[in-house]
Every structure is written in C-alpha cells, then in structure tokens.
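Chain IDs A, B, C and D follow the sequence of writing; residue 1 opens each chain.
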Amino acid sequence: MKLSSQMAYKSADEMMFGTAKKPVTTKRGIVLGGGHVVPEVVPHPRPGSEKTMKTLLREYERANGDALERCVIVGHPILQIENEHVFQMTHNPKWGGEIAAQTAKQMDEYLEKYGLKASYRATPADLRKPDMVNMRDSDYTREVLESFKECAKYADVVSIESMGGKEVFDHAIIRNDIAGLLFGQAVLGGRDMEWMWTQIVDICKKNNCIPGGDTNCSEANTAMFMAGGFISKDVPHTMAALSRAICVSRTLVAYECGATGPTKDCAYEDPIIKSITGVPISSEGKTSACAHSDLCGNVIAAVCDLWSNEAVEYHDMFGATTTAVFAEILGYDAAAMNAAIELGYQKEFQACLVNSDMYRGPHGFMLAPQNAWLIGKAVVDNNESLYARGKAAAVKCGELMLGDPKLKLTAFERESLQGYMKDMEKLPAKEEDFIDMCLKKYANVKGFDPAAYGL
Amino acid sequence: MKILEDFSNIFTRYDLNIEVARQEARKVSKDATLQTVADAVVVGETEECEAATKAALAAKSPMEVINDGLIPGMNEVSRLWDEGVYFLPQVILASDAMNAGIALCEEKMGKAMDKKGKVVTHTAEGDIHDIGQVIVNALLNANGFEVVNLGADVPVDKVVEACRVNNPVMVTGTALMTTTMTAFPKIAAQLKRLGLNIPFVCGGGAVSEEYVTSFELGIWGKEANQAPGMAEDALAGDNWNDMRSKWNG
Amino acid sequence: MKLSSQMAYKSADEMMFGTAKKPVTTKRGIVLGGGHVVPEVVPHPRPGSEKTMKTLLREYERANGDALERCVIVGHPILQIENEHVFQMTHNPKWGGEIAAQTAKQMDEYLEKYGLKASYRATPADLRKPDMVNMRDSDYTREVLESFKECAKYADVVSIESMGGKEVFDHAIIRNDIAGLLFGQAVLGGRDMEWMWTQIVDICKKNNCIPGGDTNCSEANTAMFMAGGFISKDVPHTMAALSRAICVSRTLVAYECGATGPTKDCAYEDPIIKSITGVPISSEGKTSACAHSDLCGNVIAAVCDLWSNEAVEYHDMFGATTTAVFAEILGYDAAAMNAAIELGYQKEFQACLVNSDMYRGPHGFMLAPQNAWLIGKAVVDNNESLYARGKAAAVKCGELMLGDPKLKLTAFERESLQGYMKDMEKLPAKEEDFIDMCLKKYANVKGFDPAAYGL
Amino acid sequence: MKILEDFSNIFTRYDLNIEVARQEARKVSKDATLQTVADAVVVGETEECEAATKAALAAKSPMEVINDGLIPGMNEVSRLWDEGVYFLPQVILASDAMNAGIALCEEKMGKAMDKKGKVVTHTAEGDIHDIGQVIVNALLNANGFEVVNLGADVPVDKVVEACRVNNPVMVTGTALMTTTMTAFPKIAAQLKRLGLNIPFVCGGGAVSEEYVTSFELGIWGKEANQAPGMAEDALAGDNWNDMRSKWNG
C-alpha cells in the first residue's frame, strides 16, 4: 500500500458541497459527488425487532419504505438509505444480505412507479472487539467478511466502522496521553484497516458494488463526544481535535486500498479526506442531533456530497415515523444547497455554513475547509509512515488552533493543548522507534495483542 | 431575486410523473333517462340529479332508478376515485347528489331503501379532529353502507351502546391525539365483554398499526379509502382476525 | 376595528428573515425581529402526564429544561420556548399559569448561571368548538380567557389558534365550495377573532405581556394537510392555496386589534401578514416535519424572525430527548441564517430558500415573498370588508398561479382552480349580500349558529 | 472566503462565560514529605508519586502516608473536579498515581489497606460501549472504593454472581443501546430473588430515568460523577428507595 503523496484539490477554495473530484455512480445511475447534494437517511430498528430474520426484515421494510415514500410525498429527487447492521445482521450474514435484497427491490419499485432514484448502503458491524477476540482470526472476523459478501450482491455501497486500536485508544483518551492516541489510532488502526480493506475492496470488485469507506467513529468520535459541549469536563476539546487530526492517517487507508467513497457519514474527518483523495463524502451535523450532539452542525456540511442523520430509531412522531421525518428534513437541507449550486450562490452559502461554527469550538475550526485542507497537506507531505503522517496532522492542527486568535480557548484548554504539543515534540522521529516504545508502554493494556496487528 | 428556470436538481414533481390520463366516466345504462340520472351523480350536481330522478320516476320504478341509475353512477365515481382520476370533493358531491336522488325514490316508495349494512363511526372521546371520520363517512355512504355517524368527542359508553343497538357489520374510530386514542382498547374490551365481536377499524394521525393490533377486534386503517373495502369484507363475513391479516401486517 | 389599508413594506425586496419593521422586546431583553433569527422550540407532553398538575409540571420542567440545557451545550445564544396548552392546561387555568411561572423561573436561572437568553410563549387551547358550545358564552370560553390572565403574568408572549368558522369550513372544504371557505374563514373567523382579540390584547396590556398573534391552523392548515403531498387526492393543492390566501383576512384581525407579534409559528399565512403589518413572524417548515409535512419547507423561512418545529412529543432519542434534539437543530438552522445576515449574504441565502420550493407546489409559490407581498397588497387595496379582502386575496392568488408557467399544475389541479375562479366571479360584491346568501346556504350545517358571530 | 470578526449573534461560548477561576490545590499537610506525596497525586505523576511515597515511608508509617498524604491529595483532586477546575484525565492520572503510592505502602505493610467498601461495576451484555463505565471506575477508585470491575459485555448471571460473592455496597450498570439495557431489570429481579437488596445504579446513553425507575433496586445515574456520592450514600446505609428519591425524580 502506497501512502498518499498528493492533494486532490489545489486549495480549499476549490472544495464545495455537492461536487467531488472523483464522483461515483450507483446501480440506479445516481452520480454521487456529481454536482448535487444527496440526502442519506439512516434508520435503526426498534429493540425486539432483531429477534428473528422475519421480524427484522419487516422492521426494515417499513423503516426504509417510509423514507422512500416520504421523498415521493414531498418531492425529493434522490435518496440514499444506509442500514448500519445491528449485531444480529452481521452475526448471521444471510440476514444482512436478505435485508439488502429486500431494500433493493423496494428501490426498484419506487423507481418504476414514481421515478424516485434511490441507492442503498449496507454497513456491516465490526464485531471484532480488540480486547475480546483476535482481530484477524476469529469467528466474528469471518462473519464480518461473509457479511460483506452477502450485502455486496444487492447494495450499491458498503462501508464499515472498523475498530483497530480501540483498546489502546480507550486507555489513552482518559489519560491525556497523546502518544497513545497516535499509536492506537494511526498505527494500529491503520494497520488493521489495510488488512481489512484489501479484502473488502476485493469482495466489492467481484460484486459490482462500491467500496464506500471507513470512519473513526470508535475513536475520534468517542473523543469528540466525551469532549461534548460547553459544560462537559471529560476530555478537552483541543485533545478531541488532535484525535480527529490523527485519525486521518488511518481513515485514509481505506481509499489507499481502493475504496472510492461515498465515505461514511459519521467520519467527521471526511473534509480532510476529501481534500486529499477527491472522493465524495457523506457528512452529518445538525440534522444528526437525533443521534448525538456536536459543535460543528453547519460547517461540517461545507464540502459534503451526501448529508445524513447518522441514525434514528424507528418509531412514530406526530408527523410521521422518524425515518420519514428525517428523510424529509435532510432532503430540504439538500434542496437549499442544491438551489445554491444552481443559482451560483454556493460560495456564499458555504461561507454561511462555515461562519456558523468555525469559531464555535476546536472541531468546527479544524474541519472548516481552509483548515481541513492544510491538515490534509501536512498528511501528504509527511507520508513516510502511518505514524509520521498522523503526528504531522496533529501538530499542524495544534499550530492552527494556537495560531488563530479568533479561536477562543479556556485557559485549561489552551494549557492542555500546549502540553500535548510538547509531548509530541519529545516523541521519536521514526515509526519503528515509536512502535518499540509503545509496545513496551502499552504492553499491559487490557486486550492489547500486538500480533493482531502483525506486530 | 434570481429565480431559476430548471428545478430538476432541487425537487421532482412526482404528481406530474404519475398524473393519470383523463378518463371519461363509462356509460352505465342504455336507457337515456337512467343514464341522465347517473351522469348527474357522476358530475356531483345535486339539483340536476333531483331533476333527472324526478323525470326518470315518471317511467321507472323507484328501485329501478336506484339500482340502474343512481348506484351505477356512484360506482363509476368510486372507480374513478380508485384509479386516481377523481379527488375527494368529487366523491362527496356525487354522494350528496346520489343521496338526494335516493331520498326522492324513497319518498315515492313510502319506505327507506335497503342499505348493504350498517357501520358505526366515531371520533374518540376528547378529540375533535374529525376530518378523517368525515371522509370515512362519505366514502362508506357513497358505497351503499348506512353510516351511523356518532360525530366527534364520543364517550366510550356511547360507542358501545350504539354497537349494541345497531349491530353494525363494522365500527370505526378516528383519533389524532396520543392522549385520546387510548379510548379504543377500552371500547374493544367492552364490546368483547358483551360478546359483540364486531371488527373495529381504527385510524387517524396518532394511531399506529402496532397500537391497534395490540388489542383484540382492532384493525388498523391507514387511509380513509380503505373503509369501504373493509366494510365489504365484514359484510361478506370476515371476522376481525381475517381482516387484520388481510389489511395489516 | 379599522381594516388595514397600507403595506408595511414597499416591496417584497425589502423583506428579509431576522428583521421586522416593528420588532418587539421580551421580558429578558430579547429583541424579536431586531436583526436576527431566533429558534422557537415547542415541546408536547407525553400522554398520561396531563393527569395531575404535578405530573404535568414535572413533564414541562424536563421538556423545557432539556431545551434550555441543550442551547448551553451547543452554544445557541437565544431560545424561545412555546407551550401549546393541552386541554387540561386551559380547562384548569391555574395549571397553565403554574407552568408559565415555572418556566419563567427556569429561564431566569439559565440567564443567571450561563447568560442564555430565553423567552416563553404560552398558547392556551381554544376549547370553544363552534359545533358544540356557544362561542361567546360558555364555560369553555371563560376558561380560555381566564387562562390568558393566568399565563400573561409570567409568559413573555401569548397566542391562540382560534376556531371561528370551522363548522362551515369543514363542510365546505370537502365540497370544493369556495364560498363556504370565504364565509367560514374570512367572515365568521374574522368576526370571532375581533371579539376574542380585543379581550386578549386588553389582558396583555394589564400584565406587561406581548400579545403574539393567531393562526388559521384550524382551517387553512387543515386544507393544506388534506391537500398533502404528491400522492394525496383529498383536496386540490390549488384550493388549499386559495384557503391560505383567504385566511389572511381573518388572521390579520389579531394585529388590527393590537397584537404585535411574534406571530404564531403554524400560521403559514405569516409572510403575507408580515408584508402588511411589519410584525415579527414565527414560521415553521422543514424542521417541523416531526409534526407534519409540507411542500414549502425552506421557502417559508425566507422572511421568518423565529423558526419553529411546531410540536414534538417529549421522549428519548439516541442523542437526547426530542426537545433537546429539535432545539439543537432549529438553533443551527438559525445560526446559518444569522451568519448570512452578518456576512451580508442574506439576499443570496434567501434566494436559495425561495428557489428550493417556490415551484414545488402552490403553497410554496404563493408564500414566496414576491407573491406573498402581492397578495398582501390585494388585501389592503380591498379593505371594505372581511369578505372583500378575503376574496381579493383568493382572486389574486389564483391569478398568480394561473399566470406563472413555471408553476406546473396537473390538469385536474388547473381545472379545479379555473372552476373556483369562476365561482368567485359569481359571488355578490357586497358583504351584506354575501352574508345573506350564506346564512341561507349554510343554515343546516351542523353546529352553525349565526348568533355566535353576532349575526 | 469571507470570515467575520464578531460571532456574538451566531453562537455564545458559554464555556468562557462559566470558566472557573484558576485555583491552586490547597496544602493538605504541614509535613513537607507528606505534602510532596500529596502534590504528586494532585499533578497526577505516577513516578513522582512513587518516589515521594518511598521517601515518606522512610520516616512515616504506611498508614500515615496513605491517610495524611495520598488520600488527602486525592481529596483535593476530587474537590477541584467538583468545582469544575479539573477535567477527567487529571482525575484519572491522579488516581493512577495514588494507586501506585498505595501499592508501595501496602507492600511495606504486608497487607492490603482497607477500602471504604466494594462496588461492582459492569457494562451490559452485548454492549461494548464501556467508556461511561471506565469513568465510573476511575472516580470510584479515586474516592477510596474498591471497584470490582467486570468489564464490558457481561452476562446477567455473572453480575449477579459477583454481587453474591462480593456483597458490594452498590452495583452499577452501563448500557448505550436500547437493545442491551433490557439486561438491567433481569439483574435486579435476580438480586431481589436472592434477597440481595443492593442499590443498582444504571446509566449510559440509552438509559432513561423512566426506564430505570420502572424496576425495583434501580436508581438512574445521569452523570458518571454522581457515582462516588451515590456510593457514599449506600455506604452510609441508605437503601435503594432512599437513594432513588434523593438522586432521581
């Protein structure tokens, strides 16, 4: 695997919602990143519905069907639906396959009957918990790969939220330990992804399915949610921002292995990924408040190609079921962006999104296109190793945060950040040395098994 | 303000995509006077229909006018509605017209015509959202059922009593509020207790399939236009269980 | 009462979200319509919580509190909360008062502790059902007025969704009967509102409370929801649009009686009201999909001053409770609009909202600022009577719809509209004659009692 | 891209509004060596703390070092955390440092020190979202409780068995998924059946107050930092009912 050495975009100025340098086309002819933003709705089944394949099929039939129907009712031209597997769907790979087949059939019907264009993303669950099973050789591992095979037959796109390095990350994030983040996220995560994604891309090729991409949900999002809003005291926001920068090193691996996007919605690192790779990205922000809160609700839409709600449990609201409600909202969000594109006002519209949150907090700041691009540049300019590029991203991110007086930080946040910057200075230059250091330092972390990463 | 010429990337007018080709109502009778009656129903003109009915009654028996003029006209309306040609107001106006014609025929006969069967309808206690029920009434009526319309905000006991007295083939409930739909299982329980196993179709904004199928007798109604079909099933002898498996699930 | 004879805005070009000609200031110093858009969240209590005052107080304490807390968490500067009374809150006027008092106290605490500025709107339920009670003299009527007195002590704003003319409207809407709409909405509705709003404004004056405004939810919204989306066949969209135009005649009465805005969120006629009166308006669109669906999700925001979700039942979602979730989304929606204002891009942003839906359907079309202003102009130019201005609004609205080839209509919608236009031509010129005609025509409509309207 | 200078009409940085004035940790001991031990805990430096503990143990008894150096240091940390000065990682690192110091003292004593009481913690069966639990563990630990940490994805029976064997003052559960929190009432029922009326504090994203207070023994935990206070109450003899009315409702 060759580490990326070039930016897809010459500058952040070139980056815009709705358009990607490398658009992709789905089975029913939807061009993602081809000039317009597409809503992506993510239903989650109600507890109990996972008992049998039959009940789960019925649950998804309704949840996905309601979203499709709502698009016809209000006139949204295109919809992508993602089903993130619950445990049972991946544990029984046939289930995930059946649900994909059922949804593809629903989509064909809507196309035929009304002219609604839709596509389906299947996201098998990564059942491999590093502290519980062997990442490379366990029944769970085989089930995950088997699930990709089953889903790829019917789905337009497949994705995963892979878990490599989580055991070390979990130890480090609550200890202000930036070395642990670099090791868990960039080194271990990246190595695990290479192993995993080579296989996923291969399965996709055989099935005419699009290998979407990965997300660092299990680490960078955990950091972001722990940092929380303006009253949390669990993790400094500056650390969460560094964790986000670091994770670019590993999320990028999917595309280096042949994934093409659309990326996974919950990967907040995607604006950086887009700046490097040019693949279409799926993002989520304000309209995913149903699933979690963030401080970058609008800015994260600045360069998105799909716009998602992350996940909403299927149930009734006054207006309709949740999946219909969120499909409607996402579609209107997208309609305003698409109107901006058609009017030639996309730059102004983007500036509104960016100014909404760029200085609301560190995450909004670093993911604003101008900063995202700079972090991407640091990544490609330091492509000696997963470690080197992860560290370069974090250092650049830290410098940007310390260097912009408009980004207000509490004294504590600032001092923490200065501390991380110092810690990073002291780290070894070479990846081998860093790995040696970490193998010792984290030898006793619960569940950490170097062999699972080929170390 | 800049306004675009082409909106195809912003929204899709699916209503234009599925627009149904204009259809003429079919002829229902070879007899010119009866066809005039039917035509008046089809266009929903009450006064025209009354005039045509009176004219027809000069030569035909009241039952002929009903069975070969008014009802076939209304059947055409139902067909046009089912096929998406007609909108609701056209159905309501046609039904108003047909009822005016029937009233004249009944006057002449000196007795009320036989309806297919009775259906008791109501909107739940505490709830005044009755538009759904109004539509249901109109459609049942249009399809030849006798509607015992209890109106809105109807106490549980009153619904049960109406079922006991009228012995309908079906009873319906509409509720738009989560706080009012709780009356439905109470009604169902009382009906069961009295041995009245009448299919109880419940619908309205707040009401979910899950909720209605959680109590005995309950069948969930998604769209008002299902009501006539459901009533036909009940009339044909389907019990609530048969109906639930046909219309729900 | 003098019927309005002038437009507050010289042209639609002058109308913009966030700014009203006549801003109002709340108890905690929030200026509504004073340059920025404010989110307005509307929680609805769960069934069962209305059993006792205690349980209902507790329910609102949480539901309203969660919304306030979420604004602090994500950094939204201002929040308005509306509580639309459930039956019991108005039936027991003390309850509504206690809930208002409790919420005011919560808001004081949030201001003190964090600096969050908040305001509270209480909306007593109109318990007077024309077909069931005497509109002007019944226990229900007295309870409604008593509720205003209790709430006005603590609330910043009060509103109501008044019901005059509904009995005739309900009869007419399913019979393609445009005369019935004019009579029920404009004539009966307007007369009832004059009776009601004189008293509400009086109560507000005595209590230093802002008389917000009214909405034609019970009629024009019923028409709009029955017209539904692109697969409904209950009411033609063109008729729902006429019903909306007609209702301006009655909704305007509140402001003619002294109401000042902020108007009620669910009054989709508000852009027209703003063009005439210059009061700040509250609107709802895409983000109220939780409560209902519409075909004007973005365009309805084009000139809003507050931005609402209409109503959401309080319960848990993955990310937080519904009220927190919708406060977060609405706040981000507002943040993007406010960024547009600060950047000087508000015109471009507004054009994106308008182009999103102006030609999606009749409602989006007639509520686009340019058409809303023209309909407003027809209203003030024909101010001889409630009837005359309602009919003028409908005729103008119909002409606009028939005159703009970009507004595509199905053959059926177009023919229906042509029919209504012809029907209107045939109606009497004078209000007296029209009333005489209607008193006969609707004499047998269930529940219609002319005396309830002073006729 | 145009970027503004003033964002005050767009968002409010409430974190700056409520930023807590920097506070120094208070002195906890007049004895310089013990203060050095406490300082090492306060700054969360494990190696420093070990060195300081060793130095102190030259002159003081292990129990003195623990009670007048390590624990008062940790109490300072808890105070700073409660007042919003410290963030979680500082608490965790302090707790790591304190534990290293205690280990040296225990080594010297030849036996384990007495903890305040045991708390069994777990994350629900099928659920690997254990960050909430990890925080709870750390805070309990920091406050002198012995944590019996069962980890994530723990079967119902294992939790019950651990309670039977350890007889803790309190047991906690974390669940982030609606599908996994259903284990909690099962655990509570089994504990009741065995007569183990241990307060069972349940928290985690999916878990609502309503849900937890719907079964006996259950107390809802909103924030991990409530765990030590709750454990203190349980230690003081409050039963689950007392605790529920204090912390919930």
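One rule holds in what follows: contacts are C-beta pairs under 8 Å (C-beta built on N, C-alpha and C of every residue); 3 or more make two chains touch, one makes a residue touch a chain.
Keep in mind the model is a prediction, meaning the values are calculated, not measured.
Colleague: Does C-D or B-C have the larger number of C-beta pairs in contact?
Modeller: If we tally the contacting C-beta pairs, B-C comes out ahead.
Colleague: Quick one: which chain's Cα centre is the longest way from chain D's?
Modeller: Centre of mass proxy via C-alpha means gives B as farthest from chain D.
Colleague: From the mean C-alpha coordinate of chain A to that of chain B, what's the distance rounded to whole Å?
Modeller: 50
Colleague: Which integer distance in Å separates the CA centroid of chain B from that of chain C?
Modeller: Whole-Å distance between the two chain centres: 32.
Colleague: Report, in whole Å, the distance between the mean C-alpha point of chain B and the mean C-alpha point of chain D.
Modeller: Comparing mean C-alpha positions, chain D is 63 Å from chain B.
Colleague: Where in chain B do residues touch two or more of the other chains?
Modeller: 2, 4, 7, 10-11, 13-14, 18
Colleague: Which residues belonging to chain C are in contact with no fewer than two other chains?
Modeller: 72, 74-75, 230-231, 313, 318, 335, 338-339, 342-343, 351, 354-357, 360 - these are the residues of chain C that touch more than one other chain.
Colleague: Okay, in this complex, where on chain B does chain C touch?
Modeller: Residues in contact with chain C: 1-5, 7, 10-11, 13-16, 18-19, 22, 81, 84-90, 92-93, 96, 126, 128, 130-131, 134-135, 138, 151, 153, 177-179, 182.
Colleague: Would you mind writing out the residues of chain C in touch with chain A in their complex?
Modeller: 44, 70, 72-75, 228-231, 285-295, 297-298, 311-313, 317-320, 322, 324-326, 328-329, 332-333, 335-340, 342-343, 345, 348-349, 351-357, 360-361
Colleague: Note which residues of chain A are touching chain D in the complex, please.
Modeller: So the residues of chain A in touch with chain D come to 13, 46-48, 50, 86-87, 129, 132, 170, 173-176, 222, 226, 230-231, 233-236, 313, 347, 350-351, 354-360, 369-370, 406, 408, 410-412, 416, 446.
Colleague: For chain C, which residues are in contact with chain D within the complex?
Modeller: Where chain C meets chain D, its residues are 35-36, 72, 74-77, 113-116, 316, 318, 335, 338-339, 341-343.
Colleague: In their shared complex, at which residues does chain B touch chain A?
Modeller: 2, 4, 6-14, 17-18, 205-206, 208
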